[in-house]
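Order of writing sets the labels: A, B and C. Residues in every chain begin at 1.
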């Protein structure tokens, strides 16, 4: 429908010049920031380091490592959520804006179940068992939420113009968020306290237990999903539907059922991410799903939408970029209070990627075929 | 259907809506708003269950007593959800996750009696309301209209109490409202009965008159029709100009808020409705308009304080927002619809974060915002500030008129047709020789400028700007307004703002139903879903847009019957009646 | 309505004008007929304060005196506004009748903690001309927009929650940019709290390098700034001043930014849940392992003090050892108040400003009492008299201690204390009164 990149072979319009200018400007800013950062790291009294930011202090190695690890942990969760966006987009060709809220539902479910377990005394006595239990409950609840969502809000709209389901999903997102407010109250809710091995740093690489757990679980989930999609019959059906729903139907694939499976699978991944979030931050609020949801979508786009490995890679890049970017690029340029701008950095990454490489890092095929 | 409704009933009960709204009396002393929200659903399912889809070849059966029985059952099922809830409330304590799982709720459900009473009474009430719904379906169209009008008028007068009282005070009709309403809230029940009788009679007598007049106008031809339209417009304008003189501060404030959103919605309508670009970051232009007006007029602006007169500043504001529109528009305009939506959302958030940031606080005050923004001076004639909402409303009205005129002219211009072509099929539009990029960019800029008007008035009205006024929420609310009213239709957009912002309230502005403020966003979300599923063309649809959305069905109908058919009878009054219901 | 239909049907342009003109004439007649009833006698004022310059509110026999409550009662700051709103209700119930008239607070209004929310709610209040005073707002941002409207209408606005210096004065005799005559508050001025914390860190803890983090809220930014300014004035160095967003959860980047300056103390006067994450993640960031963590009244509640990561933290805030204090007008003591609150609402207040709200309401009711008199069964309230009374408040004993109003509406107790968290859920209550430093200018 719409052209992505500037059309080659046609005369350049003002817009094209402007876009080129923006690309160059963005790269220049990044380059200058990086150079200033490197200069700072070499020696803070370096004139180039002080050129933009006279109070330049630089970072120590341990601090830099901490930043990267926190970025990777965040990114792993974005990646898990992004899988859901990517799969639904691959199959139905629309952005399920409400997917972030499924993640929030997962974190809320985890909060409720774990608190109940803690009341019963099981949380302390058998932590690992309880953790597995809340993961299973959360996965079930999230899959169910996603499937109901599909049945009630999206299925009746299949075949309508592409923006209609998108607008509907904005409504669903809004509804779920505020349903959580009226049912569970607007305050932030805490997870029960976790054992020390989760809270404290381990000698191995100097990382907190919770972060190791997040990265490990995300990796395992990713591998399971990959196996499911690539090796099982249902997975094959999904790929077939993503390729061409009509032909898949002709080949005897139950398209509706496959779509339900896709939603359930995406929901399960979001539920897993919700629990990891809960273990890492031990607090959840009704807005928990909104921004991570949008960032996860950005991750899916950055990685190349419809590409599973890309979604994870995109998640990691967005996570690391928003963690490291402000301090490494903006701070050396003399911007004050940079941490306030981290969401802006995440969005800037999305815009930048769409400007420079619209098909994403790993997107080989342009997902531009029309599915109206 | 009954069981879905019973889930919904339990959800409503647990959302604290009934308890919270119980303080507001509708008909004194019989009915409070809290109970009302629990009555609507059984009634609706009772009515809906008799609904038949007319299909070619399938014989329709005449409605009979079955409807009442079915309605009763469905309604009882819906009410049964509450009965079950009452029982559960007494035996389990789930207050830990569900904050509204409280004895107060139980007390409300049981009318202060024991649990078994609640269990029985809600079955009876639900069944009764469902049966009433069934009966309504049995009635002929004439008496049905009378009944519907009666109910709507009584509820409308009761719910819109503050507006009615405020207007009546201005018109010197206080004795009337004193009789109508109880002291501090609620319609007296004798007056409610009287009101019902009068409106019912009026509905029977005046039946169809309005529609006749409408068809007559639409049947008029050429010059005569234009004349009639001009007459209508003049009349509306006269009412809008005269009304505020008699209305109190409350009504004027309300009108001013609605007007601000009409302006925003008209701007977004150009972008979304006409050009088909889903912009989720529209609040950015509102923010840029407000902030640039604040910086240009306020003496306390941190960096530069030119202290321009408001009107002069407005010109600069328009230029700035136009440029920002270009700046945001250029990178996104080539993206496909859904990517564009998310990227604009990102831009909206980036702009807010920049205004909030410590980095630019030297320019925009950061989290402390810009305060002491002077009143908007209009040619030295008057000063428009928030202290006098009437003047604000007139200022807003003037800009709305301008915006309406601009949108109206644009829609019928070459550019407007190009937008519509782009909306319907971009490839074809391009093949027709339309420069789609420029055309879309122009829509972005026009929308931005209209939004900036609203922002500039907002800054002068509130007297201060803080970044917290420009959340993503605002974008979404404006989008709901446009979609609810009818994308691409000016009248629809205005009606959407009036109904949603006026009755439910805006993101930070209370509407007439101030009691709903906690649930407003929930209702907005539900409304958006429902609207997309049931009536994607909006309250007052634009003809062309409907055709696009219903293309599929229409083609099918045409194939089946060789013509385009009418709506089913039950929805016939939809446009008028649902405009009253929030 | 029927008229209009005929009009549409005939649709002659001249006809339209005639009818419009006729309607106009009718409206004009109506407008002139409902003139106001000036010149009525106001009876014997007795010793009531005021000169009538802002008008007199008449409350007929059987009616109630109208005051309003305007707090942040929904959204993420409800924990802060709701206790103030509730304490207003309790105070009105405690106070009883004024000259035999009841007091009605109407429906509680919501300031939404924002300027536009505050303005819209204020507009609703001033539309009712019978209202004499308003208790509110919770957030300074809301007061900036609401105060001009409410005070212009002759009412007074008394806040139990605003602390921004802009609303009153800089404590050196200069009115703040947003000061309106008729605005009062029982909450302390931010400048006191910033100075108290700075003095404590520099002199008591002996730390000369400190950093501050705010969350973009006007309140937290103002307080963090006040602290930074006071700390530099003491002779210390501010090594970092940064910000987070309210819904951030991963604080490692901002903490790393702060850690680059290796401060000895970190002050983050923000709210939950962001405050939980900072306290939790700070010790894990290289360079902040031994930094002393400091917060302010926004986090000074039992919930936060009970978290394992907050043990040993210091908190500044209004002196909360209200224990024995008794409000001189109602005879209510802080202990009794808390018991009453618990029975009414099934929980204890989540933020310390309940006491300020209570005292603010009692001050307003006292002022109404002092500025009103009964004439032939009708209560007359002099609006100017209310302001005169409030301006003259000196040595009033309230729940928060001794209340004196200065020339710019600051009536709060200027006594700020710093408490140390003993640690552990079971000690949370005790920690609130574990004062290690107190400050009074």
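By definition in this document, a contact is a pair of C-beta atoms (placed from the backbone, for glycine too) under 8 Å apart; a residue touches a chain by one contact, two chains touch by 3 or more.
This is a predicted model, so every value here is computed, not measured.
Enquirer: Closest chain to the overall C-alpha centroid, by per-chain C-alpha centroid: which is it?
Expert: Closest chain centre to the overall C-alpha centroid: B.
Enquirer: Where are there more C-beta contacts: B-C or A-C?
Expert: B-C
Enquirer: Using C-alpha centroids, which chain lies at the maximum separation from chain C?
Expert: Centroid comparison gives A as the farthest chain from chain C.
Enquirer: Measuring from the mean C-alpha position of chain B to the mean C-alpha position of chain C, what distance in angstrom results?
Expert: Here chain B and chain C have centroids separated by 32 Å.
Enquirer: Report, in whole Å, the distance between the mean C-alpha point of chain A and the mean C-alpha point of chain C.
Expert: Each chain's C-alpha centroid was found; their separation is 39 Å.
Enquirer: Do you know which chain C residues sit against two or more other chains?
Expert: 74, 216, 241-243, 245
Enquirer: Of all the residues in chain B, which ones touch at least 2 other chains?
Expert: 353, 356-358, 518, in rising order.
Enquirer: Out of chain A, which residues touch more than one other chain, so two or more?
Expert: Where chain A meets two or more other chains at a single residue, that happens at 336-338, 340, 343.
Enquirer: In the complex of these two chains, what residues of chain C are touching chain A?
Expert: It is residues 74-76, 78-79, 216, 241-245, 247-250, 252-254, 256-257, 259-261, 272-273, 276-277, 280, 284-287, 308 of chain C that touch chain A.
Enquirer: Considering the complex alone, what residue numbers of chain A touch chain C?
Expert: 57-60, 62-63, 65-67, 70, 73-74, 186-188, 190, 193, 201, 208, 277, 281-283, 285, 287-288, 291, 322-324, 326-327, 331, 336-340, 342-343
Enquirer: Under the definition above, what is the set of chain A residues touching chain B in their complex?
Expert: Touch list, chain A to chain B: 1-6, 13, 15, 18-19, 22, 94-95, 111-112, 115-116, 153, 156-157, 159-168, 170-179, 181-185, 294, 297-298, 301, 335-338, 340-341, 343-344, 347-348, 350-351, 354-355, 358, 368.
Enquirer: Over in the complex, which chain C residues touch chain B? Could you list them?
Expert: 1-2, 4-5, 7-9, 11-13, 16, 20, 23-24, 27, 30-31, 33-34, 74, 104, 106-107, 109-110, 112-117, 119-121, 123-124, 126-127, 141, 144-145, 148-149, 152, 166, 177-178, 214, 216-218, 220-222, 241-243, 245
Enquirer: Across the complex, what residues on chain B touch chain C?
Expert: 23, 166, 170-172, 184, 206, 209-210, 213, 216-217, 220, 224, 227-228, 230-232, 234-235, 238, 242, 245-246, 248-250, 253, 257, 300, 353, 356-358, 366-369, 371-372, 386-387, 389, 458, 461-469, 508-510, 514-515, 517-518
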